[in-house]
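In structure tokens below, several structures.
The same subunit A turns up in both complexes below, where it pairs with subunit B and then with subunit C.
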Partner chain A sequence: MVVNALKPLNQIATFLKVQPGKITLDDDSMPVRVVNKNTSSGYINIILELVKEGKASLEGCSDLEKALIRQWIEYGFVYVAKADNPQQILKELNAVLATRTYLVAHKLTIADVFLYYFLQDIMGKLSILEKEKYSHVSRWFDNLQQNSSIRQSNKLVNFDTLYLASVAPARR
Partner chain B sequence: MLIYTNANNPAALKLLIAAKFAQKSVDIKVVDVNDGSLEQPRHLPYVKTGDNETIFVPNAGVWWLWPPAQQAAKAASEYLEWEAAVLAPTLAHVVGGGSKQENLKACLNSALNKLNKVLESQPYLSEKKLNASDIVVWCTLYPLALDDTLAKEYLSNNLHVLKWMKSVESDKEVAEVLKSFKISSGIAAYQALLAGAKFIISNISTDNNVQSPQSVPEIVTSDELEAAQKAWLKDIKDIPLMKTQPKVVLPKSTERNILITSALPYVNNVPHLGNIIGCVLSSDVFARFCRICNYNTLFIGGTDEYGTATETKALEEGLSCQAICDKYYAIHKDIYNWFNISFDYFGRSSSPQQTELCQDMFLQLNNNGFMFTEAVEQLHCEKCDRYLADRFVEGGCPHPGCNYEDARGDQCDGCGKLVNAVELKNPRCKICRSTPKLKTSNQFFIDLPKLEPLLLHWMKQSAPGWSSNAQVIGKAWIREGLKPRCITRDLKWGVPVPLKDFKDKVFYVWFDAPIGYMSINKAYTEKWEEWWRPKPEHKITLYQFMAKDNVPFHAVMFPACLLGANRGYITVSHIMATEYLNYEDGKFSKSRGVGVFGNDARDTGIPSDVWRFYLLYVRPESQDSSFSWSDLATKNNSELLNNLGNFINRALVFAKNNFNCTVPEMQLTKDDFTLLVLCTRELKGYVNCLEKCKLRDGIRHILSISRLGNQYMQFNQPWVLLKGTPEEKVRAATVVGLCCNIAALLATLLHPYMPDTSNTLKKQLNCANTALTPESIEIRQLLPPGHKLGNPAPLFAKLEPAKVDELKKKFAGAETKPRQMNGELKMTDLTKSIAEIEKRLKTLKSGKADKKKIKEEEAILADLRSKLNSQVQNNKDDIKSIEDQIAVQGSLVRKMKESGASKPEWQPEVAKLLELKAKLASLQPR
Partner chain C sequence: MAAGTLYTYPDNFRAAKALIAAQYSKSNVKVSPNFVFGETNKSKEFLKKFPSGKVPAFESNDGKYLQDSNAIAYYVANEQLRGKSEYEKAQILQWVGFGESEILPAGCAWVFPILGVVKKNAATEEGYARAKEDMRAALAILDSHLLTRTYLVGERITLADIVVACNLSNLYKYAFDPDFRKPFVNVNRWFTTLINQPQFKAVLGQVQFLDKVAQPFTGAQGGEGKNKKKEEKKEKKQQQQPKKETPKKEKEPVEEMDAAEAALAAEPKSKDPFESMPKGTFNMDDFKRFYSNEDEAKSIPYFWEKFDPENYSIWYGEYKYPEELTKIFMSCNLITGMYQRLDKMRKQAFASVCLFGEDNNSSISGIWVWRGHDLAFTLSPDWQIDYESYDWKKLDAKSEETKKLVAQYFSWTGTDKKGRKFNQGKIFK
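Our next item is the complex of A and B:
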């Protein structure tokens, strides 16, 4: 499965309440955004531009946080977008998220929002057992989707682990 | 600040140069890609910052170390993104991964052309001077430019790129870094890049011979080469052979003793494929593996015969319980024979030994104070005049959150938990469906809470060796707290309780069934206690195989009994539980005829080895999996026929046609030893997997070896070499001889999975039963030059799609019955239900019951009536059409008679008429 690359960008625009403009993909599958005769290309440029237009403080405070946001956006289009078999990225993300609530620093940034949109289809298709296997990704994703302005009209992925609750219930 | 990288990775160069320009001091640490202590997600290189953050995407690291000037940021960012998404992954795959995908190569060329065009009109990429974007792109191209062949292939037409590369290289800062961090030319550098970055590529080629782009490139070390060479040259005389099995296997003090049990399949039914892969087949593969390793192995199994399920079946078939057990024991035994399950002994749990050991175990536990009696309320069906055993009661599951309607009295199929029959919601007798009443009688309980400390201590030591689902289930049981469990019942078919006041009671099946392992062992040899109560000098490891529903009994109940008996019984150290196997996308169901059952498998004409192979290939190891006919055919045709069978057959036919059925003289070169190194890796993987009972992965290592063999043969083309110079002929002989040797290795490795095939292959190779040596895993020369081979023949046959479709249809279960039949059934049912509700309503109304309840009933009634009406309408349409047909047929008969036709002429037409009239009568409401 190759993730539809344009949908996440448009959803970010909706989330930030800014005009997405016209976003297309060029020959190298790089996104190009044209708005008011102004052209930008590349995920990072477009996303940072959208954040700026949306006046949301989601772009990180320090240079380090900004670099880490660039890192996760790149991780999104280099790895997540090409994952025929998402197991590798889920495993990696799970390991990273095991010790943190958000991808960058200790607060929500555009990196979380972007990867949330990018992972939408993958997460929706996981089996219950896989959701349990990648429990940290599940927790992170579930946390994000509870914010209705982030989730928009995306389907709420069910993380209700009835199976776990019945096989291994906690002591009452 | 510290940069971690694998050696020779050009991406690390980016970070070092960026730091140099920014005048930041960094340290570098060269590590291995497989180092477990790396920061997640374990990509290389990564920067560990002063704030203890990890930047694992190199370009983000470059940006942080040495960001471009504000006005150039946007343009620079574009180049970074292009490099990350296009340039680096394609180079890593095409050069580093050796990918032969044409589209990737084309992509690389067009990327370089594009770069060339940009550099035609400007000296640097995004600014008038050198910045981060140049560094990032340059570092990725640098190893390409260093290698003459690669530079010629990719860069010779891109002169502007070459010029720009030279200019960057001559920069002072760049040159300094290049002195401190070595990058070798070409392939090795891109292999390091690929291994470090773990690139994924979306467009996976289907060509078998292309190495999967997701795998880390094969880099063979000189140590490995040396080891392979040493192993190959060892004296053939001391290759260990498989020992012959003694008549009775007993533990030995000098050997590794392995005791293997397969869960005892319940005797009341024919086992389906899910049952077979769940216990008997899985344990058989492991037992066979242990035997090829020359472990002292005892493998036992048998049928579980006592209990109420047998009584149910006996009632159903109108036979005695004993007769049912005899019948199904024979069926089970027959099926397992056909599947080549290599039990040392296949017994049954209704033996005299079982009575003896079961009563003994009970008395021992009773003496030790782990039993108590209590009056128990038991469900009694007045209509059937019997106490209802758990399996004879059904009702709603009592566990919160489950809501399953048809839970059995002992266990709920919905949530898998054990159930106390009296706790069922709305219980009903399974036979007559009336509601049973509670009566009391005295029963024995095992005091599990008293045993809990012992069990907890034991589980801490044992559980790490269990499959993960078994650990989860076992721990959940302990966490929930153990409760006393009733172990006796007022039944007849079982082991009688050996105490005066309890003569009419028998042990409950969950108590007696695991003791079956011991009693079956006893039926096998009187010295059974050597296995079950091992002497100090005998080290025995017990492996128990089962499906996950059986875990509670093996992880909690049985160990608790063994520990409580306190007689030094052996306890399980490896519980190997599978998940469930589904059929196509549903469940196996004997009653609906859905799915393939043990006896059906044989009737398909597909060899048992192919069944074994496929079931093990899809073994539900870490999650449920499903059996699919089309997948079976695909795996047979692609893996067995085209990969494994093709490799072996090609090697042997070559040897036959060109070397007179003899293994030729071999002169192995570095390439050949490289093949042996790669195969040795797979062999190690195979042994590791099987030692851990990862049977599904083990089979993949076998297939990888033959895939490597196929690639090797394709690459060397012995058929061409044979027609060449004398040196080339020697080369051909080496290739063929080595392939024959790998086939001999495969013959051994196949033995656990496909015993028949393994034997056939050994005959074709005329080779001995070689053993594996897990303590030193290496590939030895099994067939020396001059070894006489047997006659080659294809090992596998193609499964035609048409045949598979036919089988799929056959086992899909009874399709919906003809509509009319269905309608008729429904109509009588509906009329019956309506009458019932009407009656109930009447009593409700006369008894002045709750209005809400009456309303509910009325709503149901209305619904049923409308359903009935639509049925009647359907029927009316049918009736109309039949009436028309009768009219036509009637006039035809009349005309024939009038025209003076003879009786033989009109007789068949009259018969038709009568048939139609009968049909009409059946449709009309009585």
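Our next item is the complex of A and C:
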């Protein structure tokens, strides 16, 4: 499946409250952003530029964290966006998110926000059983979409049925 | 926002709840630096504010008192931590209850034998044997809840997370070996996220997960020689703490508490320590009234006119450690705190204590008048907390020098010995 690549970038700009400028795809389907006569291209460049302009502390602290954020953005537009088989992506992410609340470090970063936008279509189409199968991705995704400034006008994906399993039973 | 002082021994996981909550709400909660476990919380003054004598205990800057770590944490928290809707608040309470009734009993039965806090006997051994299974059951509930949720309540960190995580902190440090904690993937993920939040780190420091199986009833856990001393110290501090969570097993501290209560009960409550001394002619209340209502130009001569040197004495008290005084407001608290602790002395004593100088360069000294000719503080055990921090000099009521000193201190003027200017005065009356 092919993800509409421009929508996530514009949504990130809205989330960060910065001017998106004019973002288009070039012949190689690479995004190009033009704002105030400055041109930048490529997902990582544009996203990090937006974060910088938004003065949001979402870009990671250590060099390792910064590298990981770049890795996840790349993962997003290379693998998620062009995935023929979303199951594989979900399996990988589920394994990562089993032990992590956020993708990088222990707090929200732009990597989470970016992948949330990139996974919109995939998550929206999952069956109830699939959502349960990839429970860690579901939990992570649900956490992000409950933040209204991240979700914006995206459809709220329903994870409700999952909650049935977890009504705390009385002990013994 | 709630600002105040927290009374606790160091590294108390209960106190940590309040301190983490304060980190989030940016409330100004200070840990009382002078707190000595087993002493401060058994003093009469402390028990008056906090009848159970338990810590942590909280005293707000505007004189409100709170006990119980969860209540204190709630008070110093902010809206996000307390829950935004009635339902969220109720859910948070639910998890606080879970932390206290499902996690803590098994947790203490497990951790205390490892830390060597409890002695080996039939009850503690049985408790230890059961603790693992009880804990497994509790963690299973927590784990299934956290499978679909990032945090316990809502999508942000709340008091529920703070309370349950703090109750689990010693378990991750001392009891949960890698095999035990492995199945609880979601609890591990959630706990790791929490302890790595800057607000948690600021209070708990780095929480090290246990990397082997801990042995109970061996005194120091793991046999790490280097840490032993530290561990022992910690144990000592914790020794009297656990009464709340495992009342059955903690015979010793309960008895100690009883002894303290007995001592308090045995003390003759209403006896005036000054009773044995003749009343004399100096009417303390009358002078205090006059001093409050009139100018010093009138009240100082009035004092000398009425003063009864036969039965009353005048003292000069100077704080011994002026180099330790920093902020002016803290020094003032020192004076007013002393006054509070001397509450019962008020009837028969009057004082004007002055602070000279400025921040980081100041001194405290004052003129005291009381019934009798000896140092009054020795008359009652309640009055002996502060007086040893002062040098006391009895003044000759007839000398000109005394007259000058009295005039200076009563009228809040002049300088101290080193020429620091008068800054503030406090009257004990």
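Convention: the second predicted complex is superposed on the first by the 161 of 172 C-alpha atoms of A that agree within 3 Å, B and C clash if a C-alpha of one lies under 4 Å from a C-alpha of the other, contacts with A are read in each partner's own complex, and residues count from 1 in each chain.
FYI, contacts are C-beta pairs under 8 Å (C-beta built on N, C-alpha and C of every residue); 3 or more make two chains touch, one makes a residue touch a chain.
This structure is a prediction, so every number in the text was calculated from the model and none was measured.
Of the two partners subunit B and subunit C, more subunit A residues are in touch with B.
In the overlay built on the shared chain, the residue A:38 is in contact with neither subunit B nor subunit C. Within the superposed three-chain model, A:82 lies in touch with subunit B and out of touch with subunit C [touch as defined at top]. By the touch criterion stated above, A:140 is placed in contact with subunit C alone, subunit B being left untouched.
Once chain A of one complex is fitted onto chain A of the other, the partner contacts of A:153 are absent, as it touches neither subunit B nor subunit C. Applying the stated contact rule after C-alpha superposition, one finds that A:70 touches subunit B and leaves subunit C untouched.
By the touch criterion defined above, A:101 reaches subunit C but does not reach subunit B.
Comparing which residues of subunit A touch subunit B with which touch subunit C, the overlap comprises 98, 162, 165-166, 168-169, 171.
Residues 98-102, 105-107, 135-136, 138-140, 142-143, 146-147, 159, 162-163, 165-166, 168-169, 171-172 of subunit A touch subunit C in their complex.
Contacts from subunit B toward subunit A in the complex involve residues 40-42, 49, 51, 53, 55-57, 59-61, 63-64, 67, 74, 77-78, 80-82, 84-86, 89, 111, 198-202, 204, 214, 399, 401-402, 415-417, 472-473, 475-476, 479-481, 622-624. Within the complex formed with subunit B, the subunit A residues making contact are 2, 28-30, 40-45, 63-64, 66-68, 70-71, 74-75, 77-79, 81-85, 88-89, 91-93, 95-96, 98, 127, 129-130, 162, 165-171. Taken in their complex, subunit C has these residues touching subunit A: 98, 102, 137-138, 141, 144-145, 147-150, 154-155, 185, 188-190, 192-193, 196-197.
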